[in-house]
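Take this structure first; my questions come after.
Chain lettering (A, B, C and D) follows the sequence in which the chains are written, and residue indices restart at 1 in each chain.
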């Protein structure tokens, strides 16, 4: 029972804006995602410390301190609501009891802030994907799979209203594709392995969400697109390569919505505006406030189409003014206030601020450029014009390259000399790939050292 | 040779905007402050560690890492320039040799970034004011005074282009005035003691700046206004009290410009927009990006009239994405990019973004409200209508109270019930104060325990 | 008994003249000094609670503390005659190299309101001075404040100096913007207070152990 | 000698077939194996320099490394006969609980390019496995990687396990996003590399001591 999108929810780039989604929805305490307000989405994590049975008390103290601090500040600044994301660390997914201890701490604090200060909030639960803890990763069964599903199930029962994950299917091959600048490997990892894994995984997550009356939110190709972005920021790989990988990640992340997810797509999915154009669901984004977790070339542009605005993740360390998560909370709230002021003034004003966000970054980096709202609609169109993730991936990859080539030609985007040859290399690579994904799969299986990945875990026979 | 302002450089609130100052000026590497671009101003400091002869190597390593990291990121993000502020810690002012070691590390790195990446930058030198190291503070002579002046002199000679300080004259009485909610004490500390001290101090700083062909930038009533703001954020004192203190601080900080400073006023001087209206000099401001150093109720509004945009101060600790100062650098650059995009589109657009910054915060907190550009012009007018700091302070205090009372009445500002009575209390207090500051001074001297402050250090006879 | 309830009220409202007058009257009427003290402490406790609940601000609390201080000046001679000793004597100061007083002053004031005997050493206080003051005043509670991250290490120095003595039952509480529970654990301090308001409870808890 | 310059060039450009062919020809022509190796290393050094100067990207560097690896496969038997030993044997892995490989893989690859013998233990590697591998391969260099702040403490565990053995001259280099020089000092690691590119220089420096 999966949808295949054949038309766009937003085909007019001027309608692809922050704060409004064609398919908004309401959370239990009244926050309407995509309904005219942008909410801050806060994520925080432990400072350097061990997580084991003996330290769980300390772990809980840290989380209690973090959630109390951020909610207190949000109430003081009269935020219209807060989305709290709990992204687990590996031992918390492996031991769902530990994960649930923290879930309950968060939910209790959120309930208290609602009762005491009237602060609306909701919890996004994001178990980390432990399936790659064994190599080759076991994707569809085993203790890691089961622990993860149990944590989804129990946290939804406890009150987490949004279920998300940064799934890793295909990453075991994609990492090397990135460092080798191998576009074929990247497309295979994302649209063959990744898309197949997501279909399996998200069918389960959507089923869990339905059972508990909560929302399957969305995924992110973080381990793919953001790894590429970070490598590009470190000058390890070309920016144009990372930009094309980003376009392709949209094909993979789309699978969650095809399976029944309703948004908001996870914050670190910089591909989310493309998915908003396709699905019309609200999306979370992160930009300048996420520089605590990673630098990016699109700190403002990333806000152009967001419905929640996130800091990605910050550790509970002390800064001069207080704990770092509270700092992030304050920054997010002010960024949201600015967007909400414009939203209060009407569509023309929203468009103006959105275009300023875009103009801030788009000409300086290809990864920013291809996420301009007009480019997102173009990429979205490329994706829905094809029938399978694999064909969509090749097509959207070529479309992204065309966009970049054109932008460089008309001088709306600056590309350095050593980046340019990569446009042709990538075009050639994509064009020379087999039309049939099974042919490619057999090629990959034949040339990859055995033990790197398990074809059967992706429904592939070798 | 001090100026007394009797008219406003900006009397039209629509002209009080970010990025443009009536009296801009150019730094050595071409940055024009107040000339149509907003620049990031970065400030960073040590993580918890000792500063002594034996640790100076480690101290230098930290500063080298910080300056290298922030300049690298600024170059990567193609910032049109960066202002670097070096605010010393007490031992670095006490031992000017140590301070100079760091000054040279910063200047060398800035020179290298300019040579290698073409990155323009300038150094603002802010020796911390050590004079209160002895109690009662000795304001006009002694080792602390001399160390501070030596550091100003040597850093200006070495290449620091802007000289600033957070001077503390009068703070020894003002702290208690804040915790006692004593408006008379606050006005005395700021406009009698503070203003007298600043006149003495800034005459020296301006002389040093002239000698080296650099700029006396400006002061901040940080230890007064920001202490009040932080106490109000912690719910220790009323917000309206902190708001009125802020208005009064402008009288004190103005003295630097009367003595010959030319801006930009120091980042943490939230009173700077009032001073920009009076003097027309560029101003530095800090808001949401300074939440690493302190929270504030005006994270966006503070940007309304800025010419450089600062993070106040962040420690060199590691976060997930890298070192914290580099995170701040990235955030500042994106905020500046947004303002610079609007600046590139013209005055109407600048005004729109400015008004959004204002609308984001003004109705929620009196401290934000009185810094609306229209209120700043009104407060500036109140200040220049009087002949002495003391009379100006009382007048601007009453004006601020009137503004708040009016705003509450017409529902453009929300004040809580327990805040309201303070408006009347403060009015009464200010009205009952003696008209002659010498009468007040004698009263204070008579009722203050001896040893709390030295009247002679402020040119007062007892 | 009625006038002691009124004394509680005058402390709460910070009415110095009435609080001192009533204290004198109660003494003259032969009330037990400890009972008079208790009435004041109840008043200050209410004030402290109101502050914690954000019903009043620090200035209101300080005004109450000032009323209590003046009433105590009248009560004290009689109290001392009964063999009364303050709950504890506390030594407090901002550590060497650091100039910040406000936080330290607030704690000092709140401790006084909780009827501790407080010896305030001021700012920029070297370790030796803390040790000497503990000895001189037989203090059982020490409060250390630091606002600069570069003076935090001076807290360690003070801790080391205190632990090098054979003090029995001396508890150390630390605070200030850069301080964390972790840091308190690390240097062996007995407690950490996140703000001035919580320093009273923290101190009481320490002394109860 | 001319063909050795060409070998350097083929390594630089990552031309596998020409690099392997030329290596074989050089051997057949009686070139000293060490001389052939040196020509390759010079090529890789240039590639490393270019990378450091942002002239090329990692993929170009990896292609050069792959060419070197294949040429080495031809050269190695002859090298070994001359009694050649690699500069060092390195054991590398991501510590227990952590799954991240990219950084570790890059360092591994760059060390190979610097003609270290590299034993890659993969991810989620327990301390015992590091110790066993050091023994088995007579390693003198150990690389530990962690990307999660919650797995940093596992580095300490590995350090403790290594220091508990009587290894002589085993140097440990650590890296990963959350790692700092301070942390390296704290757990007694010999060095810290801020990124993959600097891990080669750091390792060479360590081994030179």
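Operating definition for what follows: a contact is a pair of C-beta atoms (placed from the backbone, for glycine too) under 8 Å apart; a residue touches a chain by one contact, two chains touch by 3 or more.
Just so you know, these numbers come straight off a predicted model, no measurement behind them.
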Task: Whole-Å gap between the CA centroids of chain A and chain D - done: 34
- [ ] Averaged over CA atoms, how far is the centre of chain B from the centre of chain D? Could you give it in whole Å?
- [x] 51
Task: Multi-partner residues of chain A (at least 2 other chains) - done: 45, 315, 320-322
Open item on the list: Give the residues of chain C touching no fewer than two other chains, as numbers and ranges.
Closed with: 149, 178
Open item on the list: Based on which chains touch which, is the overall arrangement a line, ring, star, complete graph, or other?
Closed with: other
- [ ] Could you please write down every pair of chains that are in touch?
- [x] A-B, A-C, A-D, B-C, B-D
Open item on the list: Help me check something: in the complex, which residues belonging to chain A touch chain B?
Closed with: 45, 73, 76-78, 233, 287-297, 299-300, 312-315, 317, 319-322, 324, 326-327, 330-331, 333-335, 337-338, 341-342, 349, 352-353, 356-357, 359-361, 364
TODO: Can you check the complex and tell me which residues of chain A touch chain C?
DONE: 318, 320-322
Task: Contact footprint of chain A on chain D as seen in their complex - done: 54-60, 62-63, 97, 99, 101-102, 105-106, 122-124, 148-150, 152-154, 178, 183, 195-196
Open item on the list: Quick check on the complex: what are the chain D residues that touch chain B?
Closed with: 149, 177-178, 180
Task: Of all residues in chain A, those that touch chain D in their complex - done: 45-51, 89-91, 132-133, 135, 175-176, 178-182, 227, 231, 234-238, 315, 418
